[in-house]
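Presented sequentially are two complexes of chain A, the first with chain B as partner and the second with chain C.
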Partner chain A sequence: MERGVSDETLLSDDFIRQLVSVGEVDLLVGIPSRNNCRTIGNIVRAAEESLLRNFRRQRTVLINIDAGSRDGTQEAVRQASVVGTNGFESLRTLRWITARTESAAGDSAVLRTILAAADLLHAKASAVVSGSTAAVSPGWIDSLLNPVFRENYDFVAPLYARHRFDGLLTRNLLYPFSRAIFGKSMREMRASEFGFSGRLASECTNRGEWENEGVQSAAETWMAITAMSDSLTCCQAFLGPKARSSSVAVVDVIREAVGGFFWCLESTETYWIHGHDPEPLKTFGPDHQLTNEAVRVDRKKMFQLYRTGVAELSDILASILDSDTHAELVRLAALDETAFRLSNALWVRAVYEFAVAYHRSVINRGHLVQALVPIYRGRVHSFLTVHRSDDADAMEADLEDLCQEFGRQRSFFIERWSTKG
Partner chain B sequence: MTAPLQLEWYKDSVIYQLHVRTFFDSNGDGVGDFRGLQRKLDYLQELGVTSIWLLPFYPSPLRDDGYDIADYCAVHKSYGTLDDLKAFLDAAHQRGIRVIIEMVLNHTSDQHPWFQESRSSRDNPRRNWYVWSDTDELYRDARIIFVDTELSNWAWDPVSKAYYWHRFFSHQPDLNYDNPEVREAMWNVMKFWLELGIDGFRLDAVPYLVERDGTSCENLPETHDIVRDFRRRLDESFPGKMLLAEANQWPADVCAYFGQGDEFHMAFHFPLMPRMFMAVKLEDRKPIIEILQRTPEIPKNCQWCIFLRNHDELTLEMVTDIERDYMYDEYARDKTMRINLGIRRRLAPLMDNDRRRIELLNGMLMSLPGTPVIYYGDEIGMGDNVYIGDRNGVRTPMQWDGHWNAGFSDADPEQLYAPLISNPVYGYQAVNVDSQKRSEHSLLSWMKRLIQVRKSTQVFSRGSIEFLDPPNHRVLAYVREFGSERVLAVNNLSSTSQAVELNLKRYRGAIPIEMSGKTIFPRIGDLPYLLTMGPYQFYWFRLRRI
Partner chain C sequence: MKEMIIHAFQQAHDNLTRMLAEFLPHFLLMLVVILVGWIVAYLLKIILRGILRVTNVEKMSEEAGASRLLRRAELPTMTDLLSRALFWVVWLGFVIVGVSFLGIGSLQQQIADLIALLPQIFVAFLILFVGLLAANFFSRAALLAGVNAGFSSPRLLSGTVRIVIIFLALSMALEQVGLGKETMEIAFSIMFGAIMLGLAIAFGLGGRHLAARLLERHFLREERERDDELSPL
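== the complex of A and B ==
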C-alpha cells in the first residue's frame, strides 16, 4: 500500500524511491490535487501533450501530489495518462510520480513536496498547475516552462483572461500593494499556476519557514515574494481564460491571502524597507484581458455587511486603524447606499494601516486580518458600482490610479511600519 | 549427418568485419593484402573472434570501395591472388575461424564484361542481363538511396542510347533478375566460392533485386523467390554454409527475409543500431525496448546479426525524422560528419572517446539477442577522418603499432591507399594494438575478456530475452535464458550513478554471480533486488541455483 508523505520527513520512502527511479530531469510539471476528478484528466492530457510535443528531447517528469482525495482523482490521473500519450512521438520515457499527503500543513505541504522534488531532481524548469483549474491547455504548460527553460527566468507568474469582476482581492489589494512595495508589476502573485527555476526551488526548499502559519496559508504568495525579494528574475506569461473560481468564503480568502501576504512583508522587510525603483516585468503575451459576461452581484447585501461589520467590529477597528481612518469608515457606513463610495485613497490608507497593525501585532493577528473583511466588502461594493458599465480600458486605467495611490502613500506606510509602536 | 548445433555455427559466432586493403600490407605497396591478413590471424584468434567477414576483394574500378565488382571469380590484384586467398582461408580454418565473404548480387560495376556486352548493342545476348528502358519513367515509386549523389535511379547510356536502372551509384547498373540466365550466373559465382571453402556470404543490397512498376521496388515477392531458390541450392549442395542479408529495413520487413527458415540464415538488425546510440545519449532505455518489442519472432534456425559500427555510415534510414534530427544534433553537429542519411564516424569518436560508454555499447552488443559484429579497429578505439571523401574516413589503415605507418605497411606514407589517423587523440602513436597488448586494462584487453565471457555460454547467442521493467528508465535490464542457464544483464545508460530495483521474484533463491569477476552477489529474495551502478556501468550476472 502506498504510504503517505509524512509530517516528520515530508518525503515518504516510496516517494524517494520514485525520485531515485526518475533521476535528473530538465523539466517538471507538478499537479497538486484534492478531489479534482472532474478537472484533472484534462490537465494531465494537456501537460503530457505539452511535454511530448514541445519538449520531446528534454528529460521530463509529471508529479501528482494528492492531498487526500476521496473522489477517485488519482485514478483519473492514471486513466488520463494512458490515453494522453497516444498520437505523440516521444524520444524518451515519459515519467510519472504520484504520491498522497495527509499532512496537516495542507496545500503548503503539497507545494513543498513538489519543490523538494524539483530540487532533488535538479529540474531546470518546473511548472505547477492546480488540479482544480478547468480548461488548461498544453499552451499553458509551454508558457510557464519556456521563460524559465529557454530564457533563464526564475519565476513565471501567470496572467489570465478573467471576467472583469473576478479576482477582486488581487486587483484591489495584492497586486497594487506588492507593486508599490517590491517595485515589480506582478499581477497574479497568488496564483494556482506558475513556473519556477531550479534555483528558486532550491532556495524555497531549503528555507526554514515552512512551519510558519504565514507560509502554510499562502505558500504560492510566499514563493512569488521570495522570487521578487531575492533578486531573482521574474516575468509574467499570459495563459488564457481562467474559469471563475468556485465561491470560497471571503473570510477564508482574506485570512489566507492577506494574512499570508502581511506575513511575507514582515519576513522580507530588509529587502523592501529602503525602497526599490519600479522595475518593469517582462510579460509574454498580453498583460491583461478582461471578459464582460453579465453576472449577478448583490451589492446591496455587500453594503449591509460593510455597515454591520464596521459597527460590530468598531472596537477592534479602532485598535487597528488611525482614528481619522476609522472615523471616515464609520461616517461612510452611515450614508445611503447610493451615496457610498470607498475611495482609492481611503482604501489604501486602511490597508496600509492594517499591515502596520499586523506588524505590530496590536491584537491577535488572525482576528486582525479578519477585521479587514467588512472594509474589503465596502471596497468591492464601490468597485462594482463605479465599474458597473466600464469597459476593460476604463477599468485598467482605474487600476493604474489605484497603483499610483498605493505608491503615493508608500512613504507613509514605511514610516509607520518602521516606527516602534 | 551434421548436428544442428554445428550447422547453426553462425548463431554462436563473434564476427570481425574487415577490408583486406585496410588490415596489413605484406608487400610494401601501401595496400593491405591476403598474405598480410593471414599474418594477422593470430591476433584475431587471440581477440577471440570466430568469423571474419571480408568486404569485397574482387577486381573492381573501386569507385564504391569494391562494391562495384568487375569480376566475381577473382581477386583484385592489389590484394593478391586467388592462391593467396586460398592460403588465408586454410589458415583461418586451422584456427577455427570461419570466413564470410561479400557477394554483391544486385548490381555490377559498369566495367564488368557483362555490362560492357549488354550495352554494346540491343541485340547482344547479354542485353537482357541488365534493366534497360527507352524512358526514365518506369519505377518512379522507388526511392533514391544515395540522395547526396544521385538524382535518379535511371542513367542514360550514350553507348546504347537507352536508360539503365541503378539503385545505387550510376556506375553500378542493376542486374536483371527476371532473366533466369542472370540467376544461374550468380548461383555459379556463389558455387565457385563455396567450393573454394568459404563459410558464408553476406549478400549485399538484397531488397532491390527485382523491379515492378507501381511499387517501391523493394522487398518484392519475386525477390524472396530468388533468395529461396539460392538457399535451396545452398542447403542441397553445401549444408552448413550461411547466408547473411543486408536489408536496411524495418524489422517486420527484414523478417520476411528469414522466410519460413528457408531464405536467409541471418540478417542485420539495422534499426537497433542507431537506437543503441540514441539510448545512451538520451540516457533512456525506451528506444531499445521499443524496437526490440517491435521485432517479430524469427524462425528457430535463424539469427539476427547486430553491430555498432561498420564500413558504411551510421545509417539513419530506419529512424523517424524526429529521431534523425536528434541523432544529427547529438552525434554529428558538424555537417562534415554527415553523409547520405547517416553519420560517417567510428565508435570511439562517436562516444567522445569515453571508455565507459564504449564499453557499455560493446556490453550491449555482446548481450542483446543476435550475433555481434565488431568492425576492425573498434576493438582498440580507432578514430576516423571525416575530411576524406565518401565513407573512407572509417576505412583507414589498421593501427598496429606506433612506428612507421602504424605498422601497417613499409611503403612510403604517401603511397598508402589512405592516410593514417595521426591526430593526438586517435593517431596511431596513441591508439595501436601493440601498446594495448601491453596493458591488461587497455580497451583491447577488455574486449578480449568480454568476448571470452560472451563465448563462455550459449545463453547470449541462443537464449530468449525477457526485458525487466525497473522504475528507473535509465537502466536497461533483461534476462537471457537458454536451457537451464539464465543470465541477467543490467546496463546503466546514464552518465551518473544510478540505483535500480529489479523485480526478480521469478528467480527467487538464485545467486547472481557477476560473470567477469565471478563475484557472488546476495541471493535474490522476495524484495526488489537493489543494485547501485556507476556511470555507464553494466553487469552480467549468471543466476545460479545452489
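== the complex of A and C ==
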C-alpha cells in the first residue's frame, strides 16, 4: 500500500504550511536532532556556508526536525544561523524550516519527514547531516550534494577518516556481507550523513514499509539498500575525519544495525537471490583513511564475554547454527586467550547461518540477533589481536580477504536461504 | 412348585428379552453415533491440518517459541497438536451424546457434570500453555540480556524469571478449575513477597549505590557507560 505525503499523520499542518510557503527548491539539507545543543550550531553554520558559497544560484532550504529536545537544541539552531547576519551573498533566498516531533518518534520517523519534505518541494538534491555529528565542515555538504546535483547520482554514501579500530561491525559484517550480496562496494551503508536525489526520496516516501521493524531500526540502511536494489545510481564521497562517538552500547547497535540489515535482505530477496556481478562504486576522494591514535580496549574482558556467551547460550546457538559451526565455536571458547582466533571462514559461516536462521525465524528475531553479540565480541577480539601492529594497507588487504570469503560462501548462503527449513 | 419355578424363569427370561429389546436399539444407536462422530472428527482433523499448513502456523509457532517448547515436552508439532485436539473434542462430544442415548440416569448426571467442567478445563490448559510460552520467551530474554551485560549468573536470573511465570500461570490455571484455590493464592503471595523483599533488601542495602546510579542514568538521561572505546559503526 502506498503511503506518500498525503498521509495526514506524517506531516503537521504547520510544517506543511512552512513547506508551501517555500515552494519548489533545488537543494535541501535536512538536520535531524535530539538533544544536540553542543554540536548542532557548527552543523548549521557549515550547511549555511556551503549553500551560500557554493550554490548561490540555486533555490535552497534547510530543515531541522527536532525529536523533542530538552536541552535548547532549537534555540541553538536559531542562534547559530548566519542568514542575513554576515557577508554571505546569495542570488536566491536561503529558507529555513524548523519542526518538532514527539520525543518518542524514532529516527526513522524523522528521516521519513525529511524525505517527504524533499519529495513535496521537488528538491533535485538533498543531504542529511545528523545533529549529533561533531566537526562537520562546509565541504561535507558540498561533497554530499554535488554528486547528486551535478552528476545525477541517486545516493551518496559517506566515507570518513576513522580510527583503524572503529566501525568494526561495519568492517566485519555490514560492508563485506552487503558487497557479496548486492555486488556494490558501499562501505558505509548505515551512516548518519548521506545525499540523495528527488527520485530516491519519492521512491522511499511512497513505499509502504515504514512501519516495519527493519525500517524503524535501520532506516538509513534500508534507504541505501533500496537505492542499490532498485538499480539507482550510487556513489561514495569522502567527507573527512569522523569524530569518535561518545557512547556505545554494542548490544543495541547490533540489534538495530544487524536486525535491520537482515530484514532488508529479506525484503529485497527477489533482487539479489539470482546474483549480480560485482560493480565498483564511483568514489569521490580517497576510499579509506585510517588513523592510529591510542585507544583503551579490554581484550581480556571481550574474550571472557565470548567464552561465557558461547557456554550460556549453547541451547540458543544450537538452534541457530549448524552443528559443525556450533561445535567449532565451543572448541574455540575452550582455548587459552592467546591461542584464540576466530577465522574469516568461521565468522562468515556463522554470520550467514544467523541470517538464514533470521529468515526462517527459528526463534524470536530480536532474541536471535542478540545471540550474535558474544560471537561478534570474539571476532573483535581476534581482529584486534591480529591487527595490533598492522598498518592501514595490511588492514585493507585483510578486509579484501574477508570480502572474498563472503563472496566464496555466497552460494552456500543462497542455497540455505532458499531451502525451506 | 415346579410350575412356580418355570414361571419365575419364564418371567426372568421375558424381562431379559424385554430389557435387551429396549437396550439394544439404544446401544446400537450409540455405536452408530460414535462411529459417525469418529468419521466427522477425522474429516475435521484433516481439514484443519490442511488449513493450518496453508496459513503457516508452524512458522508463527516456531517464532513464538511454542514449537521448541513442544519438542522439549516430546509433543507433536503445533499443527498436529491442534488438529488432534479438534479430533478428540469433536469425537468426545459425539461419544457423550451417544452414551446419553443409553438412558442411564446416574451416568447422564456424571456426563452433564463433565460437560459443564470442559470449558473451564480448556481455559485452564490455555492459560497454562500461554504461561509456558511467556515463561520461555521472558526467560530467554533475561538470559540474553544477562549474558550480553556480563552478569555473573545469567542462568539464575533466567531460571528465576521462568519459575515465577510458570508458577503464576499454574496458580491461575488451577484457580480456573477451582482446585486448591486458597493454597495457590497463599503460596504465590508468599513467593512473590519473598522475591520482592529480597530485591528490596538487595537494592536497599547491598546495591544502593548501583540503584542510585541506575536511577540517575535513567532520569537524568546521562550517557551510558561504554563497553569499551570502540564504535561498532
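Methods note: the second predicted complex is superposed on the first by the 406 of 421 C-alpha atoms of A that agree within 3 Å, B and C clash if a C-alpha of one lies under 4 Å from a C-alpha of the other, contacts with A are read in each partner's own complex, and residues count from 1 in each chain.
Here is the rule we use: contacts are C-beta pairs under 8 Å (C-beta built on N, C-alpha and C of every residue); 3 or more make two chains touch, one makes a residue touch a chain.
Here the structure is a predicted model, which means the values were calculated and not measured.
Examine A:R95 and indicate which partner it touches, taking first as chain B and second as chain C; both and neither are also allowed.
First partner only, chain B.
Just chain B (first), just chain C (second), both, or neither: which does A:I254 touch?
second
Considering only the touch criterion stated at the top, classify A:A392 as touching first (chain B), second (chain C), both, or neither.
So A:A392 meets neither chain B nor chain C here.
Check the contacts made with chain A and report whether chain B or chain C touches more of its residues.
The larger set of chain A residues in touch belongs to C.
So, A:S21: does it touch chain B (first), chain C (second), both, or neither?
first
Thinking of the overlay built on chain A, is A:L335 touched by chain B (first), by chain C (second), by both, or by neither?
neither
Which of the residues in chain C come into contact with chain A in the complex?
Interface residues on chain C, with respect to chain A: 59, 62-65, 68, 137, 140-141, 143-150, 154-155, 221, 223-233.
With touch defined as at the start, can you tell me which chain B residues reach chain A in the complex?
Within the complex, chain B touches chain A at residues 278, 282-287, 320, 322-323, 326, 470-474, 494, 496, 498-501.
Which residues of chain A touch chain B in their complex?
Of all residues in chain A, those touching chain B are 17-18, 20-24, 56-57, 59, 89-93, 95.
Mind listing the chain A positions that touch chain C in their complex?
Against chain C, the touching part of chain A is residues 35, 165-170, 190, 244-251, 253-254, 257, 295-298, 301-302, 304-305, 308-309, 312-313, 316, 319, 360-365, 367, 370-371, 373-374, 376, 380.
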